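Multiple structures follow.
Both complexes shown next keep chain A, but they swap its partner, so chain B is in the first and chain C is in the second.
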Partner chain A sequence: MNPVSWPVAFVQARAGFVLLAPEMLLALFGLLTLLLDLALDEEQKSWNALPALLGLALSGCALVMVGFGAQTASAFGNAIVIGPFSGYFGLLALMLATLLILLCTHASGPASRQSGEGYALVLLATAGLTLLACANDLVVLFVAFETVSVSSYALANVGGADRSSLEGTLRFLFAGAFSTALLAYGFSLLYGLGGSTNLSVISARIEVLSQLSSAENSLLGMALAATGGAILLRIAGAPLHSGTPDIGERTPPAVAGFVSVAAKLACFTLLLRLLFSIFWRERYDWAILLMFAAVAAMAIGTLASLRQKNTKRLLAYSAIAQGGYVLLAIAASVNRDGSFNARGLGSAGYYLLAFVIFQIGAFATAIVLRERETAGENVASLNDLNGLNGLLRKHPVAGGSVIFLLLSCVGVPPTAGFIAKLEVVRVLFANQHGAVGWTAVLFAIPPIYPSFRIVRAMWTDGTGATERMPLSDAQVVALVVMVILTLLLGVLPAPFEHFAAQSLGVLVLR
Partner chain B sequence: MSKEDRKKIPPGTIKEIGIAWTMPFELVVPMLAGGGIGYLIDRWSHTTPLFMLLLGFVGFGVGIRNMLKAVSTLDKTEKNGK
Partner chain C sequence: MIPVEHYLAFSLVLFAIGAVGALMRRNPIMILMSIAVMLTAVNVNLIAFSRLWGTVNGQLFSLFIMADAAAETALGLGILVVCVRRRDARDGAESGLSRW
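Let's look at the complex of A and B:
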């Protein structure tokens, strides 16, 4: 074998790094934000948002340039694969981070709450999400997944640690550590089976073998159980959801929102990567298991949310139920004859797009509650629905936007949430999963009731100051943009569904 | 289920589950009615989808109002009950 000269190797490696430009820009601007935070006085801390937003914008441009080419590109010995799939999930991650940072620019309260650490951690978590979307190697998948996880653990305590948030962080850490151990175990089994950490090599070996031995079949089954269990634990999919709403209750609302959505996005990216490559042979098994997990998630998330008086706990249980619909869409991507159903995968992608927008929008309810506290309003209990009294009158734009996004969250037409649920149900019926389809319809109805309790709380005037509640321009812009996107996705869903189906469909074109 | 376990289920849970499954129809039925009537008018006057959307939105507004009234009545009943 002719040794490659170091200049050639250098150029080849540099070409690979170009494909990682979005991730590198996010990491760079995360570090810049940290450095800038050191240089700013307490009153100037709100400027931390600027490099964070700039980094997200530049990363978005780089992602569009490298991520949406007609052909897929690979680098680092096929450990990184750039294409429509990575571009789609990269865009979702960037959108999530941008909306969150805009919602975090407070109009009132100490500027020191807007610390550079928080923004830097959001950027680093987003870099982990985008890397996860393009990873084609077990090691890279693991590192990217843990980048998101560790950033989330640290984020849970930014802005001052009190006993409640420390407890929430510890519970979050323990649950995450357990799922990481399971994931590592599953990956080690896959390495033993494939003799490589590269997903393409492992899935090729499994496909080439006309018949796996019973020991290898058992290994594959155990790997599926371990990785599936780890991912379900992180998605907080029932029955492994225990503790997730408690974690959401004890962390600051913006953090709770980001962590719940980012964790689900990371898990679904990983799940799609693994199920449609290595575990495609086991598709009959995992499709059924996913349906059971989905129905359990919808049932537990929906029924538990009905009695919740605490806004953040209600939203956490709602997120568990939403995860169930995405699991159903993934399960419906396998037809009864074992062939691939592109529409099912497309509905999963569309649901995730709508989910990112309306879930962050729903958490804006809790963010607004926090603003009222820092504005000095005499609010009885921040986590109680009564804390929202008078919001619609005091800030019609924010109140109206939050109401609209809540309606999307529970699937009221003409919002994106309704179309997303409708598409999942249609795919299930088209795939002759009528019983599961009717179950999904059944559990789509109850969440409307608790959301209207929130809407009524905002509509009702309460006692307290009558002046307008301060919200920053960035927060109002974020809310309005989310409303416009939700309406656009709800009224003109076809182009977005087609885009999602095309982007995710490349997973199976191998 | 033992007596102790039965005590762990908060009172009114079953009633609340029942309300959660029936109340949303107060939102959906006016929308469907408005949209349906609008569709029939459009078919007669060949103006699809103008009246369907218009009356559908009117139905949506009526549905929202009905839901808010129903939730408000329920909350007042709960408070009086306590």
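Let's look at the complex of A and C:
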């Protein structure tokens, strides 16, 4: 490179950073929140939410301005691809973080509970999620995925350092690190196949070879096994060690919800990005594999959640079951004859949108219980649903919102959750996967029982009912916004489904 | 010249050793070490392929993996230190987790 051209190259290389504005803003405001937290007194800690929310809002604006063009723009030697796909998942990530931070502003208890570190970690995890959506390169994918994971390990411990919380975090860390190592192994094999870490280059090379030699074929199979296995381990929460469900007692329920949803979102982004570019050659294999994994996830999640008394664990297991539905939708986007079915991907995207909203909303049940416990009322914390008594009568808005979001989680019309499940089942039947479709319908039924218990607990008046609203204003606002979105998605699903199908459809290069 | 298959076989064995260690060990420090062994196997793979293809991306990737391994291990050890510090004195010197 001759010495005159390096300033030009310097400036030209910086052009890519404009495309990364959402992530940079999130990282910047995350650090600002951390700094602000150091400067605040104990009583003023509730101001921590301000830079966090500001960062999310600015990042959202940047995302809309930068990320939603119909063209895909690429930067850094095609390592970052900004387009409808990255815009869609970036939007999901920002929505998740905003809802979380609103739900974390507590009404009672010491203000120091709202730790700036927690908000900073949430922002950094969201930056990782957004970067993951834009990544087109194995290195960037790995770094972004790890940003989300390591932030989650740290977040799992934000509630306080008691024994069970620390042990739960350690177990979560081990399970996560194990699946990360497996994922990295798969990535290294992909690099070996492709000669470059860029996904486009690798998939081009794999496509061009009309017939892979047997060695390369086995390498590709091993890569699929390693990568797919790692992602599925992460989604299903690892039958080996426990994944997210076992985060300790003191983690705020909203944070536990965020960690589980963020992990799922990261896994699905990664899965979608990889399956439709590199592993397209093996789509028959992975379509079947995904269906098995989906049924297993639904089975594990549903059966485990039925036996749980602890509300937080119940919700975490139900999140695993929901993940199973998304896996089914992804598997259904490959037709029997090997062609691509855009409707399957669209239903997967729509399900993820509904999932983000109702999963965080379902955690509101645990939030109410935790708020009551902190306010000093004699509630036996998350194991005892009696803490919900009287919520519906005394505070109809909050109670009604929580119930509505629970209904969406279970899949009752006219909520978004119902439409999402319906669409997945419809795509399955349209693809002649009848047995799997009926299994999906079957597994939609058991979650009704725990929700019925929760609703009944809210309906009955109890001695624990208080006049004072356990939730703060910001939390109620978040809940109402979620209810409105769920209703909107449920009553008018078509434009959202279309949007999802368009955004995810760019993945497929053929 | 060592053929690349040798490197691949070595890294596979190393990865398997690390995986078995991560799954079977009770001591959390040993689990962290096993995870580090797994990531080392990944690095061996990457560097072998980088040599095969003549590009430098593999080595770049392995640097990032090293950084990430360090971050995770540091976090895990930090949590472990707090965990052990909070343990009652009468529990003795064993540093395993209570139930696995």
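Throughout what follows, the second predicted complex is superposed on the first by the 486 of 510 C-alpha atoms of A that agree within 3 Å, B and C clash if a C-alpha of one lies under 4 Å from a C-alpha of the other, contacts with A are read in each partner's own complex, and residues count from 1 in each chain.
Everything that follows uses one rule, which is that a contact is a pair of C-beta atoms (placed from the backbone, for glycine too) under 8 Å apart; a residue touches a chain by one contact, two chains touch by 3 or more.
These numbers come from a predicted model, not from an experiment.
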| item | value |
| --- | --- |
| Chain A as common anchor, with chain B and chain C clashing or fitting | fit |
| Residue contacts on chain A - larger count, chain B or chain C | C |
| Chain B versus chain C as contact partner of A:Phe363, first or second or both or neither | neither |
| Partner chain in contact with A:Phe355 - chain B first, chain C second, else both or neither | neither |
| Partner chain in contact with A:Val412 - chain B first, chain C second, else both or neither | first |
| First, second, both or neither for A:Phe29, with chain B first and chain C second | neither |
| Touching partner for A:Tyr191 - first (chain B), second (chain C), both, neither | second |
| Contacts of A:Arg453 with chain B and chain C, given as first, second, both or neither | first |
| Minimum distance between Cα atoms of chain B and chain C in the superposition (Å) | 18 |
| Contact footprint of chain B on chain A as seen in their complex | 303, 306-307, 412-413, 445-450, 452-453, 455-456, 459-460 |
| Touch list for chain C against partner chain A, complex | 4, 8, 11, 15, 18-19, 22-23, 28, 31-32, 35, 38-39, 41-42, 45-46, 48-50, 52-53, 55, 57-58, 60-61, 64-65, 68, 71-72, 75-76, 79-80, 82-83, 86-87, 97-98 |
| Complex contact set, residues of chain B against chain A | 10, 13, 16-17, 19-21, 23-24, 27, 31, 60, 67-68, 71-72, 75 |
| In the complex with chain C, residue positions of chain A that touch it | 138-139, 142-143, 146, 150, 153-154, 157, 161-163, 166-167, 169-171, 173-174, 177-178, 180-182, 184-185, 187-189, 191-192, 195-197, 240 |
